[in-house]
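You will see two complexes here that share chain A, one where it goes with chain B and one where it goes with chain C.
This part shows the complex of A and B:
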């Protein structure tokens, strides 16, 4: 009741006393905007005590550490990296628990996708045309890519070790069986990301990972004897060879970065 | 404050993209003109440390271009830039602020300020893929100003901006140029005409013209055509 009465009084008063048109509103707004812009664009002090107006919004001009950058890159890794890693780990662990020795091959077939996501995520600046903006920041693009690959590589290695421990079926050789497809895919994806820019590079890398994955399954089905102990040295040789090729390709990609943005 | 460029050269196999360019820039607006392929973008990329020069040097107050100290004072708007899929305008600015050395609290304040300045506050949380060309360009301008740069390099900054935004941008550049060196490259001669204190013209990798506005008596468009032809002859 009381509320209705107040509302009706307010309406009556509005009718009786019309609010005057704002005087100089435009000038005021213009002045405010100018002052605000001056504040936003104004000079900064030494960066130690906030900005020139004693507020936050300034930044530290001291050299930034590699740990600082790794933390930034860790936060901004694409969610697909985590999804694929979780899926590969989940499938491998489940297959290992369910099918024991046979499940091992499911893990080997999944591993190429780990390599693929690591490489495409590390070089995504070029894929999405962010390279120039990142290069003009406090860090070089090389160090940004190196930080990403460091995080992803360590994460992947941890995954491979977890898989090995979980499916302890082939002694120490199991790590080799995982590393060979992983390094082979990484090498292939490095070649592709260096040559093909844009989304096409991601699709081609996914193609490489799928091909390696299929190859693993075919090898297991057609030539199961290659898993015998006497062939361990061959696996080791292939793993070392792949590692050398991947490192060489990595160096090429990093060297090429300086020139990538030139038209 | 002084940006010193000394005999800067960039060579790609048989092509010399930038040929022994030397200049000294102090706070003010410098309009860089030149035809396509004249070497403007290559020069700007070298000034931003994106490309390594084949020869020569770049220093800002004696600090070399390859150092982090130099980059801390740099703002760069490339001609074309992309964004990570899924990034909103806010994510984009926060990411670049982090790379420029801001802590989270400071970055938030600075990003809010800049989004307000480029009139993108309401669109901040929307994905960049939904932005118009002009909005993307304004976002690009905002990221270039994150660290209150002393050297601001703008490659085609007004591309995609509507006339109102273009005027606003000119005013912003004028304000910035009080304390900073602003180098802007554009094909829109009127932009340079109304803002630049000094006009630079590049042709075939060389800096063929460098004069202040006071020293130039004719219309800029005419001057540009004349300078280009003179060099050709």
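This part shows the complex of A and C:
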């Protein structure tokens, strides 16, 4: 009854709000359609066949460049990623300025949290069981994850370089001291996100980051000599080892996504 | 999903026309809104294209309104429409007059909502985007407006208009 009344009022309103016929509609729509097609698919005489134009037009989408896609993905990163990154960078820079060489260990202790944030943010959809949904979107899940990890990885590397430049106390070795806990945490978090989904996965990743952070502090307190110059090669070996492990784990995660896509 | 542009052209034109009361100007603004939306990446890549289109049209109308000091939804325009809309039957004409009166009692924002929601049938989500309010507010407001209109036209209470035949008239 109420619905009928609503429909009846709607009909009356439509009659009442009747505008005069637009004069230039047909002409404008022709031009508009042409312009829109050009904008989506490029100029008409761009060498594409009619069939290709037709097929592309049916999707109504212009292919995006990698940079543009990364810029879009940037907007999907949660504010916590930026907050944690800024906090880690801020604490490290402050500690470096305040405690000189001692502050260096504060930076090393904070770095694992950067790694944890990067991995959990990149695999967010998988963590929350939203991978299938993301796969149904415009880009494949792999390209989305790769774009996110690319953004976060570059951002984190930039942070590490800034820290190194700021606390220039041990030459180039500083980067190794920072990279080892970072890669170690990244490897651990990759293993966890591949195996555990949901909130538990994030807690476990936070646990790994905290453990690595504590380990850094303990190592500094108990074995300060490992920072000596003669152990640089060891650090380098550990860093390379961790990098290999992290890449291997990354590949396994991506392969798993391919299986998901195939299914 | 991209909306049907031909259909949207008419609807946006109607919206502009009832905002400004000038068919030529309304058409100019409609075309300008379409062209501007085309230039924007947001229109093509994602988001809500319809809401975006309406927002552009609305802003253009507001600019024009500020420039020329129009009276939003002029009373004469609705009155004229009520008479011109091809309502040959007496009851329909009366209904329409009552509805027009009920519409005049609404605020300009409420009338805009009526036009967008009930005449142009803009989905609630898109409408919320255009008006810059939540969906719940749109639901509440449209319900309130509908009640006001119902009260105004008092459906069912007025006796049906009697149609007279030619023979009766002669008598």
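Operating definition for what follows: the second predicted complex is superposed on the first by the 197 of 263 C-alpha atoms of A that agree within 3 Å, B and C clash if a C-alpha of one lies under 4 Å from a C-alpha of the other, contacts with A are read in each partner's own complex, and residues count from 1 in each chain.
Definition applied: a residue touches a chain if its C-beta (ideal position, glycine included) is under 8 Å from a C-beta of that chain, and two chains touch if they have at least 3 such contacts.
Keep in mind the model is a prediction, meaning the values are calculated, not measured.
Shared-chain residue A:36: touches chain B and chain C both.
Look at A:139: by the touch rule set out above, it reaches chain B but stays clear of chain C. In the superposed model, A:65 lies in contact with neither chain B nor chain C.
By the document's definition of touching, of the two partners only chain C reaches A:9; chain B does not.
The partner that reaches more residues of chain A, of the two candidates chain B and chain C, is B. Legend: residue contacts after superposition of the two complexes on their common chain; A:233 is shown touching neither chain B nor chain C.
Legend: residue contacts after superposition of the two complexes on their common chain; A:78 is shown touching chain B, with no touch to chain C.
When the two complexes are overlaid on their common chain A, residue A:124 makes contact with chain B while staying clear of chain C.
Of the two partner chains placed by the overlay, only chain C lies in contact with A:24; chain B stays clear of it. On chain A, the surface touched by chain B in one complex and the surface touched by chain C in the other have residues 36, 39-40, 60-61, 64, 72 in common. Residue ranges of chain B in contact with chain A, taken from their complex: 12, 17, 41-42, 45, 48-52, 68-69, 71-72, 74-76, 78, 80-86, 95-103, 105-107, 109-110, 113-114, 116-117, 143, 145, 147-148, 171-172, 175-176, 179.
Across the complex, chain C meets chain A through its residues 2, 5-6, 9-10, 13-14, 17-18, 23-24, 26-27, 30-31, 34-35, 38, 44-45, 78, 81-82, 84-87, 92, 95-96, 99-100, 103, 114-115, 118-119, 146, 149-150, 153, 155. Of all the residues in chain A, the ones that touch chain C in their complex are 5-6, 8-10, 12-20, 22-25, 28-29, 32-33, 35-36, 39-40, 60-62, 64, 72. Across the complex, chain A meets chain B through its residues 36-44, 50-51, 55-61, 63-64, 69, 72, 75-76, 78-79, 124, 128-130, 132-139, 144, 258-259, 261-263.
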